[in-house]
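In order of appearance the chains are A, B, C, D, E and F, and numbering begins at 1 in each one.
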Amino acid sequence: MTQQSAFEYLSHGQIPFFRLPIAPAAAGIPHGTGAVLLGVPYDGGTTYRPGARLAPFEVRRVSALLQGYHPSHRISVFDRLGAVDGGNVVFPPFDAAAVRSRVEGAVGTVVASGAVPFVVGGDHSLALPALRAVAWHGPVAVVHVDAHLDTSGPETWGEPFHHGTPFRHALEEGLIATGQLHQVGVRGPWASARDAEPGAAHGARVHTMEDVAERGIAAIAAEIRHAVGNRPVYLSFDVDAVDPAFAPGTGTPIPGGLTSREALQLVRDLAGVALVGMDVVEVCPPLDHADLTSHLAAHLLFEGLALVALAVPGATCGGEVMGSP
Amino acid sequence: MTQQSAFEYLSHGQIPFFRLPIAPAAAGIPHGTGAVLLGVPYDGGTTYRPGARLAPFEVRRVSALLQGYHPSHRISVFDRLGAVDGGNVVFPPFDAAAVRSRVEGAVGTVVASGAVPFVVGGDHSLALPALRAVAWHGPVAVVHVDAHLDTSGPETWGEPFHHGTPFRHALEEGLIATGQLHQVGVRGPWASARDAEPGAAHGARVHTMEDVAERGIAAIAAEIRHAVGNRPVYLSFDVDAVDPAFAPGTGTPIPGGLTSREALQLVRDLAGVALVGMDVVEVCPPLDHADLTSHLAAHLLFEGLALVALAVPGATCGGEVMGSP
Amino acid sequence: MTQQSAFEYLSHGQIPFFRLPIAPAAAGIPHGTGAVLLGVPYDGGTTYRPGARLAPFEVRRVSALLQGYHPSHRISVFDRLGAVDGGNVVFPPFDAAAVRSRVEGAVGTVVASGAVPFVVGGDHSLALPALRAVAWHGPVAVVHVDAHLDTSGPETWGEPFHHGTPFRHALEEGLIATGQLHQVGVRGPWASARDAEPGAAHGARVHTMEDVAERGIAAIAAEIRHAVGNRPVYLSFDVDAVDPAFAPGTGTPIPGGLTSREALQLVRDLAGVALVGMDVVEVCPPLDHADLTSHLAAHLLFEGLALVALAVPGATCGGEVMGSP
Amino acid sequence: MTQQSAFEYLSHGQIPFFRLPIAPAAAGIPHGTGAVLLGVPYDGGTTYRPGARLAPFEVRRVSALLQGYHPSHRISVFDRLGAVDGGNVVFPPFDAAAVRSRVEGAVGTVVASGAVPFVVGGDHSLALPALRAVAWHGPVAVVHVDAHLDTSGPETWGEPFHHGTPFRHALEEGLIATGQLHQVGVRGPWASARDAEPGAAHGARVHTMEDVAERGIAAIAAEIRHAVGNRPVYLSFDVDAVDPAFAPGTGTPIPGGLTSREALQLVRDLAGVALVGMDVVEVCPPLDHADLTSHLAAHLLFEGLALVALAVPGATCGGEVMGSP
Amino acid sequence: MTQQSAFEYLSHGQIPFFRLPIAPAAAGIPHGTGAVLLGVPYDGGTTYRPGARLAPFEVRRVSALLQGYHPSHRISVFDRLGAVDGGNVVFPPFDAAAVRSRVEGAVGTVVASGAVPFVVGGDHSLALPALRAVAWHGPVAVVHVDAHLDTSGPETWGEPFHHGTPFRHALEEGLIATGQLHQVGVRGPWASARDAEPGAAHGARVHTMEDVAERGIAAIAAEIRHAVGNRPVYLSFDVDAVDPAFAPGTGTPIPGGLTSREALQLVRDLAGVALVGMDVVEVCPPLDHADLTSHLAAHLLFEGLALVALAVPGATCGGEVMGSP
Amino acid sequence: MTQQSAFEYLSHGQIPFFRLPIAPAAAGIPHGTGAVLLGVPYDGGTTYRPGARLAPFEVRRVSALLQGYHPSHRISVFDRLGAVDGGNVVFPPFDAAAVRSRVEGAVGTVVASGAVPFVVGGDHSLALPALRAVAWHGPVAVVHVDAHLDTSGPETWGEPFHHGTPFRHALEEGLIATGQLHQVGVRGPWASARDAEPGAAHGARVHTMEDVAERGIAAIAAEIRHAVGNRPVYLSFDVDAVDPAFAPGTGTPIPGGLTSREALQLVRDLAGVALVGMDVVEVCPPLDHADLTSHLAAHLLFEGLALVALAVPGATCGGEVMGSP
């Protein structure tokens, strides 16, 4: 087992993501690493309430509570996966272009090593450089879970790159395969009917919360799984997709979102897709209570890691485990 | 577009409801106004934890985040509606009878102008004077969303008028058409079986949370929509109808309530009814966290405003907008 | 009616559970008592975030808000039941073995009197001594609602008795009838596939959150009700079974849990079982917000009390009460 | 010792003020009682942020932590004093005149018995009926600790009796001896220079925070002690006299106030005066953090009780106790 | 009186600074205006915990509680001063250089009109453009109240302009007269002894918290008042100068700071200086509790406004007001 | 400089105390180490509100904000000192005797290496094993800063070792030189006059908060410094010595305590004593707000580390630094 025991992590007092080994990405990805978690403490792309820069530290802290065996998939995620805490991406925080460049570089290093990058934001503007790096695989399918469309533009207050625009750029830059932007959790008022146009022009599929209420999250996950087929998939999870009751620590909350159960099931039900990257963004600790949002982020990451672990040969074992006669 | 842009409202630093024009009701309702939002910072009718008097200020503040286009109804709500922030009703707060009289007067002014009043409480005792004013239309149908029946009485601690009695009085005063009190979200222990009698005597229809769990909110909304027909409808929304996880900022919480998604859908699904007034009450900011309850209140108001906007000729436009192929 | 009125409890300023008479268990259970609520302010069995020792005081405080009539079951719970606040179990808090012994003694006194004990923890390690006392009835069926299996072991950090092990011991000590450990709400990562073995060896039935999502809580409650038949049933409710959005005040939260509505329905739907004891544990007030978790605990206790009241001859009365035509 | 031990109060789970015997004032004051603590859960006189009605319950809860020996005065306060928790004053909360009447009655009962009343508010409007009852002694000296003058008037929003006016009425009604209103802690902007006139007309002495900063609290306490001589003294302590850093849980905070150390010393240094009544008001639990304000209120009450205990013959014992060679 | 009454501001539901008239600076400063309050909702210069962008809205809200008469100076501040709420400075928030330019422009407009600008930040990087505008008067004396020296540099993470550098630039640009940078409240560890060099090179005078503890704030205020003589004075108040107990809502707290009483006295004791501008910065509402820090900011602004009002001819009136015989 | 730069610690995402090198004590103390910080996440000795076990993680996190140069002592603390983060002491948390043994062992290892141990609790029961290890130097002088005497006993609830008894045992075991227990900050009610006897019997010197108010903290520090002479000194700092306004995150708060300024000055003014060990205990994060108490703990530790650094030859450099002409 690659997680440290409680005694081990307590003995040096530091808490890496999921008590995993620390291997800063800048120093090279260790051979055999299947997944690298990268913190990106940046929220310079925020338009309303900032604070997401503090999330990587809090998500690390609460992730100490998670064990490594996934009872639904019946695999020991970290035994199979060779995951590491790749540290944080560091950057000059007042230079947004440089931040994007550093994130793209760090994620690219992980991708090049053959490992799957997991980006722990920070705000959603980080999805763009992450996607640029992941598009090394060619245009990918994107599962984008969010209350917002994040295809605003062409600019806000004179700035084309912020946390409301990553997918507009990704579409325009050809990082996303046509018809392969799957947006789940969208709701709330828009500025106008034109808000959906940038996505629509590239065949984006919007699953609003009304769709979720009507059809159920399982049906939507199944539809997405079918639609992406065996394309490489990037999963971008903005915690404001989840209802603020379950994720109060976020900057631009909209009531009426996913339950935490639906959110976790959505990721879990993507089992079988070829996940090549994931981010969890917009966790804003100063607005959180009792670490609810950080805990949720850690569990979403664990579900994503399990998707990758499932693809490791020999990872699925038979036999009934839970509640079966 | 009648909402101010972010630059506009930021430039003078004040935040009216939904960034709408300010037009204090006392100065006369501007011609062509379709809806008037009125704050009523009063919680003198509270029996347990007070604080709802602070809600109008907080709901205004968070409402700056809402845009004006409703993607499900496919209308630009404020473009059609001519809505204004009518300011607050002012009153001598230590004189409960005078408060009721002032609220009835202010709401009456709106009604008389042909606009639809939206009352942002304050506690639920305000529903009585609002209903008195709205009954200018004759006895109305009332959709009353609440954890409690609010038909207590004849008095509590010697007082017949408080936040637990508005609908008892409204029924007795003939403000509500027979069989047209529709109560949704009721739950929790009562004092006795007799609690339901005042409503039952007037044919009130109680949809408990167990009904919601069994039948789904859509079925209940449909039943109500059918039952009210084309009668004038007053919608009274006590945020404690919603589970305290989604609406922690309220004075008399009862677990087991509506989700925010159900709450929003309930209002949205009333599309087609003839809404002649609405209140959102019992938001108690000192008990809130991260503005959850204020955000929810703002979205409930937006859904209600959309109901009125839908009725404006030409408001519905065709074409597929969200997630359609 | 055996609850004090608001005037009565306000007059002396103390708030017993549900405003019931105070009758410390140590002084003997009054004749005719049907249920005794016992606070156990102990959290020495906690492995992560402590604080549950403070819960009995907070649950008492908020329970003042609950009335006595149960509109679904149509009974006046306290009129029928003869319930009392049995005070707290007192013990030397630094001596865990003595704590277990005192809890077993106090619960045993209640059981011996013919009344049903309701234990308000405190942490989950208390379920073991409570079960030892309740097993006076012979091996019981246990409905165990929890995010965790609580069958860890044989020891953690050298200690066999803590809040992660009560049901391992209860199974090994033969306190639970074979095949009669019903676990609901289980989720999240485990240490390994072996976590389920201690339960599986005794035929435990695990209803994970995925089962709840798929089948619905009503089906699960029905299955349990059928499985337990007329065996004596002990209900052990760890509030972390409920999603942290609804129960933020708990020490080891896992997102993706029951809604408060499902939690309450689960207990309510057990109507007809022979409840011989119940605990509500792991409420941790320092991590709570706006008393959400304490309120939920009070309502869960009320639902449990109603189950006992239902069994009192003559308790069910006919006639339609709520929302029926 | 008249306080219950921890084991005792834990055994029944109720927490009277300072773990004292419960003796509701309405049932008659027990013979030999030296002081009666009365909760008054009323905040209907509040002009800004309400919530003080919840204070008596919270102050009782935290007061369990206080022992009975006063190391500076070297007396066991409760051994000497015969203090009891007199419960709460109950009243019809929507009828402010009746509230005043009931408070006057309850305090009067205590006064008539020869015991000293300690009123735990509630808002500051309660000081007026308390003073009316205490003036049974004839016009008293009043030490009024507050950020505000509380002599507003003649009315606000049409109401002459609220939490900003008690001392105007007390002066006008002749309850306070001429030149014997001593106000400490006053600060912040006023409406106009005329604010001080009602007090000035009766010779009130205002010790602003600037005086405290310049002269020190000990000098001010000494001056007051000298000024009141052996007159009966009523001490009215509004916690907003203390800086909001030390007392965040209050409705109308003004920065720049007393430290908690100065507040406690002020009361302690009044040793020797003939205290005939005290109130601690304006504790607002919904705005508190970590019970800071409730703890402070409990300690202020303890200091007041010690003043009374000191006057009991034989209470002062000699010998050096603390840190003396 | 130029403040609106409670009835007035309540009637339209908006809360300008101190209930003053709204006169957005961009529309021209009304004739006869003595002071203009400008919100600057910008925190892009923050290096640690962001959130100060939200402060102007919160400070406006709580400022409704302040009246206009200053009992120590014995003047009605707003009657004399002709103060207005100049709205917010608006700017493209992702372009830091443009932000500085807009702030300099807006403050410059106020200065040019002859009124005194009061900047409500926002982070401390705003002091630089404000000083550039104020230096229209020529090099000014600066009273800089702060836990930090804010003369870092030449750059951090590649950026020369952020909230740790405004006074380095101001000194280098010659905006501050030699020997006229007066820093009060400095404390905590530094990076090295060289931290003080940029200030020392221009004769800055550093009053550390140890100096405050030793000499008292009155002596330090007197020394500064004497040193600045009749030079134009700019007062820059970073709320982290105050101890985090009194000002928890700030991004880079250091314990051991000023009390709120000392902070207010420091400004008050500058009476007589020629104040030509003031800022209050680094209020971070997401980290605040019970609005403590916002209330303090409002009172600091009031003290600053009073300094300007004192200079208006006829403003000081004689006669004893408070607590004088 | 031995602290990592911001870029360095951000790059791996872990935050050791003060960004120092991590060197778990169990692996041997590196040669040349002057001080070792040890976390002890244990609160099993708590009698009221637990949670101090979580403090080492939070104090590490906020300590990232502290630089290394001490402007009053004019030394670069970490350049001179060779300090390391020694990790946490690990132990079986349910076995209090084993916990004491492990703490004594770990502290003893540090002492034996010639380095000075800094214990970051956890609760105050840890001071006993720490003192046992430090008494390798022979009986030491102890500066004990606390609201409580912590010499209770002989036992509480049957337990002789808990957070209220460490100094009783230390005195009885001869770990403290006669007349060399210096207690500062003591206040609040005691159980009886006998509370002071255990200390008095060994010549303990109690400096109550009344002494602090009267004489000033500087005089008290000077007296202690003189009294301890060149004896080895152990400094035990319970954060509840500080007023709860400055340190709300603690389990047994008593109002009327030290300001943070006094607390820091007390440690700073001990410059010159031979510090051989220090603890900072009773930080309880679940009760904290905005990390106030954790920040204070970090600064107290820094002041203690500076005392040790001062004793390193060549550490004091000349020249005027701050604010001198």
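Note that contacts are C-beta pairs under 8 Å (C-beta built on N, C-alpha and C of every residue); 3 or more make two chains touch, one makes a residue touch a chain.
Here the structure is a predicted model, which means the values were calculated and not measured.
S.K.: Chains shared as neighbours by chain C and chain D?
M.R.: Common contact partners of chain C and chain D, which must touch each of the two, are B, F.
S.K.: Please pick, from A-E, D-E or C-D, the pair whose interface repeats that of B-C, with more than half of the contact pairs identical by residue number.
M.R.: Checking each pair in A-E, D-E or C-D, only one repeats B-C, namely D-E.
S.K.: If we define chain centres by averaging CA atoms, which chain lands farthest from chain E? Would you check?
M.R.: Relative to chain E, the chain with the farthest C-alpha centre is C.
S.K.: If more than half of the interface residue numbers appear on both sides, call it same; otherwise different. Which is it for chain B and chain D?
M.R.: Both copies touch with mostly the same residues.
S.K.: For the two copies chain D and chain E, what is the rotation angle that overlays their Cα atoms, in steps of 5 degrees?
M.R.: Rounded to the nearest 5 degrees, it is 120.
S.K.: Please work out the Cα centroid separation of chain A and chain B, and write it as a whole number of Å.
M.R.: From the centre of chain A to the centre of chain B is 37 Å.
S.K.: Taking the mean of the C-alpha atoms as each chain's centre, how many Å separate chain C from chain E?
M.R.: 56
S.K.: Could you pull out the residues of chain B that touch at least 2 other chains?
M.R.: Only 243, 245-246, 259, 287, 289 qualify.
S.K.: Identify every two-chain combination in which the chains touch.
M.R.: A-B, A-C, A-E, A-F, B-C, B-D, B-E, C-D, C-F, D-E, D-F, E-F
S.K.: Would you pull the chain E residues touching chain A in the complex into a rising list?
M.R.: Per the touch definition, chain E meets chain A at residues 43-44, 47, 49-51, 53-54, 92-96, 98, 157-159, 162, 286-287.
S.K.: Using the touch rule from the top, collect the residues of chain E that touch chain F in their complex.
M.R.: Those residues of chain E that touch chain F are 48, 183, 186, 188-193, 195-196, 205-211, 213, 243-246, 248-249, 252-257, 259, 287-289.
S.K.: Enumerate the contact residues on chain A facing chain C in the complex.
M.R.: 65-72, 74, 76-77, 243, 245-246, 259-261, 263-265, 289-292, 295-296, 299, 302, 317, 319, 321-323
S.K.: Which stretch or stretches of chain F touch chain A in the complex?
M.R.: 7, 10-17, 22, 24, 26, 39, 41, 56-57, 60-61, 85, 87-88, 90
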